[in-house]
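Each of the next two complexes has subunit A plus one more chain, namely subunit B in the first and subunit C in the second.
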Partner chain A sequence: MQISPHIGSQLVDLCSALLLLTCFAIVAQRRLSACVDLFALQSAFLALTAALVAFLTGNHHIYIAAALTGVIKVIIIPRVLKKVIERLNVKRELVMNVNVPAGLLICGALVMLAFFITQPIIPLGFLLTRDSLAIALAIVLIGFFTMIARQKAVTQLVGFLVMENGLFLGATAATYGMPLIVELGVFFDVLIAALIAGIYTNRLQDAFDSVDTTHLTVLKE
Partner chain B sequence: MYILLIALILCHGLGLVLPFCVPRKPQTQGIVGSVCACAASLIGITLGLSGLVAPEPVTAIVASPIPLLAFAVRLDPLASFFVLTISLAGLAASFYAMGYLKEFHGRVSVAALAALTNGFLLSMMLVVIADNGFFFLIAWELMSLASYFLVVTEHEKADVRYAGFFYLVMTHVGTAFVILTYLILFQSAGSFSFEAFRHPEQALPDGMRTLVFLAALIGFGTKAGIVPLHVWLPYAHPAAPSHISALMSGVMIKTAIYALIRVYFDFLGGQFPWWWGFLVLLVGTLSAILGVMYALMEHDLKRLLAFHSVENIGIILLGIGAGMIFQTYGLKEFAALGLLAGLYHTINHAMFKALLFLGAGSLVYATHTRNMEEYGGLLRRMPWTGLFFLIGAVSISALPPTNGFVSEWLVFQTLFLSFQFPDLFLKLMLPIAAAILALTGVLALACFAKAFGISFLALPRSAHARHAEEVPTSMRIGMAIPALLCVGLGLAPMIVVPLLDRITAPLTGVSISDKVLALDGWALAPVNMEFSSVSPPMLAAMLILGGLLGLTLAFLFGGRMVKRYYKTWGCGINLSPRMEYTATGFVQPIKRVFSTIYQPTIKLETEFLQESRYFAKQRKFEFHIEPVFEKYLYNPVVHIFMRIADRLRILQAGSLHLYLAYIFVTLVVLLLFAV
Partner chain C sequence: MIEVLVLLIAPLLAGGLSLIVHRSALLHAINLTSMSLLVAAEIMITRTVLRDGPFTALGQLVYLDALSTFILFIIGAVGLACSLYMRSYMDDQVARGVIAPTRLNLFFFLFHMFLLAMVIATVANSVGVQWVAIEATTLATTFLIAFWRRRESLEAGWKYLILCSVGISLALFGVVLTYYSSLHVLGDVSEALNVTQLLPVADQLNPHVLKLAFIFILVGYGTKVGLVPMHSWLPDAYTEAPAPVVAMLAGVLEIVAVYAILRMRIIVDHAVPPAFTGGLLALLGFASFVTAAFFILIQHNYKRLFAYSSIEHMGIAMIGFGVGGPLGAFGGLFHLLNHAFAKSMAFFAAGNIHRRFHTVEIGQVQGLAIAQPWTAMALMVAGLALSALPPFASFISEVQIVTALAVQGVPGQWLTNSGGMVTFALSDQFSSLSLTGLFLLCSVLAFSGMLYRITGMVWGTPPDGIVQGEAWSLGHLPIIALAAALVGFGFFLPQPIRQLLEEATRIILIH
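Right, the complex of A and B next:
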């Protein structure tokens, strides 16, 4: 089956836009378990995008990356995070460094910034995924912003994973994915990072009776 | 030679690994490490001696994948001499360590201590045989780090941590200047190999040469402990375990002397303006006199010895500085004499300072204190330690027939030769330096009269000293090795001088051994017999004969010998240790005379009886001298840094979010700039 490049490009853009949309949902969501669910959804969209790119370009190794995304980011990591949340008995994020409306506005500004920055680069590209680059950058920035805006370790972890998703999308968009060996390494890293952060969150709970990372300031001399 | 070199590195390598492999008994770990170090030192002695007499320098090179770095070694006479010195001190210290490490059982990891000692010795060895600037810097840094970790062996004590930190900061400031030196040389040479430094592609301009001179003097001077960069020495050397103090004070600071000679006479080709030599001479004079003066006021035996290292580095630099001035004026024979005197004093100081630090270690081992006021009467309890310490004290005070006398005499002769200069200023300055050196010698004698007398003679002043016992055999052997060498090096200049001549001849271009030695080597006469000459073996013979003569006369005319055992007469009062001279009291006159330099603070509080002011109930005496350099030179600099750091601390709030925000803002700003 052949799809015209134009429609293919539109489909990729659509999937990327869905990714971005879930980002906003994560920023707006206070419930921790819902945040994790949204992350799983975003990863599912990412896997879909990757599979789409693999289908459109015929680069079969991207299928493997897509499958790994499906397994690790949609199933394993959300499970680990759910377990952590269950054990901690923390359901909601009550206090935020930046409240939700202001956060959404800032995220809007970040998306504009991302498009503004990539504007001179995108016309130079010739891949059908080139428009996704701006979205990928926006996702990275929003993920980063989530890490700053939220106080609970779990949501910071989600922010980190969102950033990683953005990077993956960026890599796919700019070069049709990195070499397979690099992708595998990155997946492994993310998995380990999530596990470590899970343990770290547990320790934080034990030490401070809370997963609020602002408590870490007392570690300063 | 290559086999020796490989064996040396292998032995130290084994010493690094084996202590961790043997069963977890500190005794075995310590002995395994020390035996490795002993074996390596014996190989090193052979290597050094054969390198000294070898007709051509031995070189070896192992290429490395890193650009500019090559593991190149070269054993020319200069390097071999320092290999020999390091190995001799290393042998003494490792023998000593076998017994001494018991002091640390159960408190610190003996395996780590033994392994680090091996690493320290190896890194010093690599510093002096390196033939590549990059390799040299790596070895230099390894040496600094190994010695740092050894200094903080007893890291549970706050003052040891302070000493370690002080040392680490100072040594890295020095290293920065050392790197600067090598970078400038590299720029003109186009390569880091020492051969390229010697024959650069384009010659260094004069300004750059001056920069190399100054950077090397500051960089290596920090390690050597020249005034005013000496402040770390009295902290770091006493804090380390004693056999490490012996190595640091005896040989580590000498690697800086090696590097100075290497840079000035080898890389810069011995071509320099007169003020370079004069500056070295000035620094040497200041170090010598101030070192001994501060040493006099110390009652902590190891701190006292550390200050004496400053003094002796000063004496070595006096010889080298005078040699440099002679070199400028083309008086090559005298230049060689100055260098020779400096190098002779280098090995001599390595021996007697190692001996004294090992002796001090034995005292600490037996009494568990470093405070001299708590010693006393130890000669009867520790006769061997006393004998060895006395030999060391006689050596460092430059009395015949020991080695200190010969080398200091040679330094004096070099300084007296200044009448050869065309310049009136220098004609005046060198004799003044000689006069100050004479004062230094006298004060050193006073200092060791105090150190030996207060520690070993009279009655014990504390329970520690009363219960002291002689140290184990391995420690005594460790002290006997440098003690024998102290006497041997003093009696046999006819062997030492020709060997040293092999070092100075290529550096200055003339061989002087037959000119320095007269009467088939039995006398030293730097210029000719009429000007000045001395024969150390003859002096020793005369001392012995004089002593025998006195005994004979006493035996002949002294009447019948009657032995009576009774307490020392004390005018009817029972003698108590409180009547003895204290170390503080001993140096009181000198403190008065030099009060401008010491700026002492004396506090005397007397509490009188209520009935009459003629009877004192209690007296409290306190005195301390002003650490001038720390107060006026170092503290202001430290304050500036602390203030800047305080300002910068606002950034470091400890909040994870804030740190993330820093990164985020930086990222966004950079992205905006990129567009």
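Right, the complex of A and C next:
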């Protein structure tokens, strides 16, 4: 089956846009477990985007990355996070530094900033998926913002994972994937980081009786 | 090629063995053997590099030149010192019940993984693999920092994990951008991130993309170096982690992160005028230097004092690299070496003091010269070296950097380009003069703050209830060796080290 490059490019853009949309949903969501579900959904879109790029370009090593995304980010990490949340017994994210409407507005501004930053370099790309670079940067910035705006250790972790998704989208879409050895290494690091953060959340819960990172103020000048 | 394999396999094997061995003496034996093998391999690599120049190994995966060999030398020297120090430190911690004996093998496993990740980050040819290894150092060290499992250490470990992971993610975006630009020139090949492939074509890479990539990488790895304003995890982590871990963090990890920035800079400088990267490095360097100098003045906790002094010295080295020129770059590299030695020694001393006095408050530590004469000597030497006094080698490297700054000034193009943001870009001469003045003022501040605190700890009479006298142990050996090196390098730099430094300077300066 042959798809014209133009339609292929549009399809990749559509998938990237869906990824960005889930970012906004995560920012707007107050319930912890729903945040994790949304992250799993976003990762599923990411795997789909990667598979699409692999199909359109015939670069088979991207299929491996897509499959790994499916296994690690759609299944394993969300499961680990769900376990952590169950044990913590916190259902709602009550504490937010920024309320939801303001958060969404800031995210909108971040998307504009991302397009502004990448504008000079996007026309340089010769690949059909080059527009996704701006969306990828936007997702990275929104993940960054989520980490600042939320105070629960679990949501900070979700913010970190969203950042990682954005980076992966950038690597897949703008450059047809990094060299395989680098990609495998990145997956390994993300998996270990998520597991370590999960262990930490448990220990913080035991030590502070809370995973609210505002309690982490013992160390100060 | 066997030496490169030893370099990678020794820590890997030692880490694996540490997991199944439970006797403390055996764990230390494994650690010392692996460390000695590492150092032996490094000596052989140094000889090869100095004789035949740069080489690749393991099918293009490993690239070694004078710069990476120099960093390997620091890893080996400080790592061996740490291993010797750990012998008495860890046994004491177990004996006092601070660390459960069953957790000792976990400590060694993480320590070896940390070492392995740093070695990979140094020898990797691909900047992508280097990124993976630097992120792996974060993962390996976060539990080492939180190893005491107190509330404060958990907090420090979590802060470190989150801040460094986020910072490092930004660096990954920089790597992606580098790949994006190299694809145009090299095509879609898996070697397109290799330094050996990038360097010959670096002048054809797109300057806009590379500028953006460098900013992301500088911010990302700068978090790991602890440059202001990304430094907030550093004082907490250095206060809470066990002494040998901090010595490795301060003495080696920071330097590996600086190396990653320098590697990228060499590539970017081919396509972009060096004033761009130099200006950015000098800007972050000054921000770190000035901020840390003031924080040193107000510290009452000796571990935090040394932590801020780390930020200060990394700032000074960054100024050296930013100003550039043969003198600035040489001074920067030399300063990295001196700082690694002095700071690991300072934290060895801090570990000894903490074990004896059970406090980190400077005001409660007195009469160290009577209570712990060896440690007092170590603290004094490290403190004087960190204040950059003659006859210590750090005095020479700092003089080199400030001379380069006074003569050349901070690369001007970037300053004038950013227009209204920087107001002191009146004339080149004025800016270099005022910046030199600022540099000297901050040196004096840091010097007086450091010396005042340390002399207060060393002299006087020890408080009641503190055991007096210090028995000789293996942990004193590295302290004496490091002290000798710090004084000795000021007068006479051994030929291989001098040659390594000179060739590494040449690598940084090739434009």
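Structural remarks
As a convention for this text, the second predicted complex is superposed on the first by the 220 of 221 C-alpha atoms of A that agree within 3 Å, B and C clash if a C-alpha of one lies under 4 Å from a C-alpha of the other, contacts with A are read in each partner's own complex, and residues count from 1 in each chain.
Keep in mind that, in the parts below, a residue touches a chain if its C-beta (ideal position, glycine included) is under 8 Å from a C-beta of that chain, and two chains touch if they have at least 3 such contacts.
Predicted model, so just to flag it, every value in this text is computed and none were measured.
Per the definitions stated earlier, placing subunit B and subunit C onto a shared subunit A by superposition produces a clash between them. Contact with both subunit B and subunit C is seen for A:Pro120 once the two complexes are overlaid on the shared chain.
Contacts of A:Leu133 after superposition: subunit C is touched, whereas subunit B is not reached. In the superposed model, A:Asn99 lies in contact with neither subunit B nor subunit C.
Of the two partner chains, subunit B and subunit C are each touched by A:Leu216. In the superposition on chain A, A:Phe145 makes contact with subunit B only, while subunit C stays out of contact range. Counted by residues of subunit A touched, the larger count belongs to C, out of subunit B and subunit C.
Here subunit B runs into subunit C after the superposition, and of 151-159, 385-393 or 601-609 the stretch doing so is 151-159. Subunit A uses residues 117, 120, 144, 147, 156, 213, 216, 218-219 to touch subunit B in one structure and subunit C in the other. Those residues of subunit B that touch subunit A in the shared complex are 652-657, 660-661, 663-664, 667-668, 671-672, 674-675. Within the complex formed with subunit B, the subunit A residues making contact are 97, 113, 116-117, 119-120, 141, 144-145, 147-149, 151, 156, 213-214, 216-220. Contact residues on subunit C toward subunit A in their complex (touch as defined above): 126, 128-129, 131-133, 135-136, 138-139, 142-143, 146, 149-152, 154-159, 161-162, 165-166, 169-170, 172-173, 175-177, 179-181, 183-184, 188, 190-193, 206, 208-209, 212, 235-236, 239-240, 295, 298. Residue ranges on subunit A touching subunit C, taken from their complex, read 59, 117, 120-121, 124-126, 133, 137, 140, 144, 147, 153, 156, 160, 163-164, 167, 170-171, 174-176, 178-182, 185-186, 188-189, 192-193, 196-197, 200, 203-204, 207-208, 213, 216, 218-219, 221.
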